[in-house]
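Order as written gives the chain letters A, B, C, D, E and F; numbering starts at 1 within each chain.
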Amino acid sequence: MFTPAISRFPVPSLKDMPDDIRERILGVQEKSGFVPNVFLVLAHRPDEFRAFFAYHDALMEKDGGLTKAEREMIVVATSAANQCQYCVVAHGAILRIRAKNPLIADQIAANYRKADITPRQTAMLDFAMKASRAAETVSDPDFAEMKRHGFSDDDIWDVAAISAFFGLSNRIANVTSMRPNEEFYLLGRLPKQG
Amino acid sequence: MFTPAISRFPVPSLKDMPDDIRERILGVQEKSGFVPNVFLVLAHRPDEFRAFFAYHDALMEKDGGLTKAEREMIVVATSAANQCQYCVVAHGAILRIRAKNPLIADQIAANYRKADITPRQTAMLDFAMKASRAAETVSDPDFAEMKRHGFSDDDIWDVAAISAFFGLSNRIANVTSMRPNEEFYLLGRLPKQG
Amino acid sequence: MFTPAISRFPVPSLKDMPDDIRERILGVQEKSGFVPNVFLVLAHRPDEFRAFFAYHDALMEKDGGLTKAEREMIVVATSAANQCQYCVVAHGAILRIRAKNPLIADQIAANYRKADITPRQTAMLDFAMKASRAAETVSDPDFAEMKRHGFSDDDIWDVAAISAFFGLSNRIANVTSMRPNEEFYLLGRLPKQG
Amino acid sequence: MFTPAISRFPVPSLKDMPDDIRERILGVQEKSGFVPNVFLVLAHRPDEFRAFFAYHDALMEKDGGLTKAEREMIVVATSAANQCQYCVVAHGAILRIRAKNPLIADQIAANYRKADITPRQTAMLDFAMKASRAAETVSDPDFAEMKRHGFSDDDIWDVAAISAFFGLSNRIANVTSMRPNEEFYLLGRLPKQG
Amino acid sequence: MFTPAISRFPVPSLKDMPDDIRERILGVQEKSGFVPNVFLVLAHRPDEFRAFFAYHDALMEKDGGLTKAEREMIVVATSAANQCQYCVVAHGAILRIRAKNPLIADQIAANYRKADITPRQTAMLDFAMKASRAAETVSDPDFAEMKRHGFSDDDIWDVAAISAFFGLSNRIANVTSMRPNEEFYLLGRLPKQG
Amino acid sequence: MFTPAISRFPVPSLKDMPDDIRERILGVQEKSGFVPNVFLVLAHRPDEFRAFFAYHDALMEKDGGLTKAEREMIVVATSAANQCQYCVVAHGAILRIRAKNPLIADQIAANYRKADITPRQTAMLDFAMKASRAAETVSDPDFAEMKRHGFSDDDIWDVAAISAFFGLSNRIANVTSMRPNEEFYLLGRLPKQG
């Protein structure tokens, strides 16, 4: 049976990976039931793999003024603007699960301005989009608008950094033609999973 | 319980609609099990409703060189480029059903260049995108490229007209804030539905 | 003598058209003195012809808060932005006649912001342009600005729908290389015609 | 009777102008029958007036591989892309007269790719548009394409310089809200004038 | 030793130039210690050379509400947006000298919004950028914002005209592949030169 | 004396930093003679600091088909396109030093297509720009063009990843208003430093 490639580049087998990378991947597999392809595609470059996931965790696993669902909203909106298939599909699944909302990811991917989110979350995504598409013009009024919605300076950094980090991720996924796992498409869509 | 509005504009009740429109809507409901909101939103304008669906049927229900799934691919790609939440969600569902493929709509909505489609279908969507975003520059080489992939002149008209018609639909849906029915999100995603 | 083609696609002769289409065309010819090429070019597709003109009439022949000249202003501004030669030339002529103003069409086609129109009409064209170029961002402040200028909700629908419908028309005219009739160029420019 | 302003800025009366500028203007009036507003608007700045028209004449009144009509085609195409009402209307008139063609200016202003011009002229306007919109990317293949159509190096300089000079003119006309004289609209449209 | 060409086009030798042009060039050489390549490249077209520098001097050598350093800020910001290597390097040097600031040119070329300039100067460059990139949309609020910062009408004309003139210069420099003299790179960067 | 802020966000003092971060910074200071502000600005977020520099070193300090100067060319071209003042100034200095060429950074920042680089390096920067601005369209012909210039698959990954990583860096620098150290401006410009 034909299996589509998950990357334009070589993908190492588990046994050929450095121990720390193999262990992280096995840990993810145990927790999620499958290995998201981003782990396998980036394992072609062990040092970048380590830096990428350290950066990811620093931004996505922390506490702070943004909920984990809100962080994933930023990822989905940024990835949709960058037309990153892997990230929209994979993080769309994570967003559905974290928000316990089967509709939210498709809404945000298509047009976040029409999604079932709060005005505060819309302001957050407006800022994330500006940081993603025209960061050179971000200035005082953008910060003021965020603060008007209750975001702290550190929250604003989070929004910008998440958007910027996934901009990096989007570009690498598009250049490598990283393929989303089929498991992601249905995750978080059915009542029992929500 | 709160029900989000499906339009910024007034939505008539079934009993207040002209007979022909009410009958079309009841027919759709019987066939699909629910009434897609586009029927209700456009019923605010009966003459436009009639013209819209006549146009829609002329382009989408006909035979020809494009399969019905391919026609829906054009709709999804165009609607994603225009950030039309209603059309991406609703026609994504129809595409999954027509293509009997639970992944295809999300792939095309995110980035059709990375979707599991044939080179001929990619050429079709390249042409549709050019007709949608820069029709003023469509010229002989674009037609030649389509013919190289086996499309007839009438197929090319279909591609352009479908893209142009849904460009109209996308703009109206965005201005009216047309809301996709929740039923669409899961349609065509589960094996039994495919 | 060489006659330039009016379409890339086949154009049926009057005798080969369905009766209703031939009759509409003959009616137009009697009223206008010539047959605008859009009727002949679209006659290649009778079902789309019928839907197209039904839609056109629903938007352009109705009463309401917009004058017929204002409706044509939207057509000319939208068509200029979409670089549609047929629509700028043909509807420029209609605008000159309806506004009884020989200058208005060229002014709007070049830059509506500098045209001899009222601030209300400028706001109308700003909204039409936003619906045409970035409908995904149309939101409450855009509606509020229109209402500040006295437009009702139904007027706003008209503006958006006219712009969206002629966006469809512009794309088809550009892909078919629809050629404007020479009669249009001078219509409404001379005092006796105004 | 209300006369619309021809500029946002002060416009000197003839008697207050330096002698050389007044004489040039009187000469134009004698030849054309009216004074194009660009002369009056720029007379607010005598040194810039002199440099502007010296530059204009150096590019537009010279002999060379481009006909005078072709030079005006570049002006109209560039000015349309820059949405300069004054230049589209005024130079549209000059183009009609120089090309002895009442249709050509409106065709080029709307979409030069669909105008009744030769492939060589289309290549000329493609180059002019690239010089106008993305000069930073002009490179060897653009020059090669021009030479394939028979343009010499000096012709190419002319095309780029005319497009660049009228880009300057377009910006000044838009910022000053320079108003086209009503005489231009009809010039060159009637058989006897051609 | 290899010397890179300073233009795609022929560059006349001093002895083959018209007297007035040779004299201007010798005067510049005496004052600056070298001949900026723009003089040599444009000498290929004597009439355009004369008009170009007359225009330049009319805008850059005059007195008025803008300092000479501020005029050069407009040149550098415009040229950076137009990706004109010659103008960024050459006028960057002049700006450093006129502002007696070794950092200012690189700051403005990269992103003027982050440069060590006053809010008034930022407003000036915002206006210059709008005149350069979207002059068709310049309107009353842009003038009001400039006046709020103390600019007179004539100052605003200067800002727009300088931006428009160097837009012309940028396009010609890019099409001719005009090469900046090596002398410019270090000018104004060392304390003794400032 | 006034010292401009180097960040919109709090900057920790050396003594308040985690040991590993302080040690890295002291090491850089010893080697370079000053502490580039990016180290101080990112120290506000220790986990992100560690991931950022690990990523940086993985891409910029490695061996491979690209020279270190070529890696810096990608950084400067990407940062100029993203209008990142910090990165253009700081990495411009590093590029001058690594390429032993005092002109190269200003040339690439203004318009890399006109820089004194090889056709292979131009192809590299074309690919980097496409990965940076339109990664969603990168496809087989882009890879083929790179291979025609002798780049291996791993080189191509490097180009894309460097461009993507500095796209992240550019966005964070713009949002934080990261200020370049004054030391960078002159580095690598004088013969003795080259």
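Note that a residue touches a chain if its C-beta (ideal position, glycine included) is under 8 Å from a C-beta of that chain, and two chains touch if they have at least 3 such contacts.
Predicted model, so just to flag it, every value in this text is computed and none were measured.
With contact taken as defined at the outset, chain E and chain F are each touched by A, D. Set against the Cα centre of chain B, the chain with the most distant centre is E.
Mostly identical positions are employed by chain C and chain D in their mutual contact, as over half of the interface residue numbers are shared between these two copies.
Mean C-alpha positions place chain A and chain B at a centre distance of 28 Å.
Once the centre of each chain is set as its mean CA position, chain B and chain F turn out to be 44 Å apart. Computed centre separation for the pair chain C/chain F is 51 angstrom, with centres defined by C-alpha atoms.
For chain A, the set of residues that touch two or more other chains comprises 83-84, 111, 136, 174. A list of each chain pair in contact follows: A-B, A-C, A-E, A-F, B-C, B-D, B-F, C-D, C-E, D-E, D-F, E-F. Partner chain F is touched in their complex by these residues of chain A: 8-10, 44-45, 47-48, 50-52, 54-55, 57-59, 62, 82-84, 131-132, 135-136, 138, 143, 153, 156-157, 160-161, 163-165, 167-168, 170-172, 174-176.
Of all the residues in chain F, the ones that touch chain E in their complex are 4, 79-80, 83-85, 88-89, 92, 102-103, 106-107, 109-111, 114-116, 174, 177, 179, 182, 185-186, 189-190.
Of all the residues in chain B, the ones that touch chain F in their complex are 111, 113. By the touch rule above, chain B contacts chain D in their complex via residues 136-137, 139.
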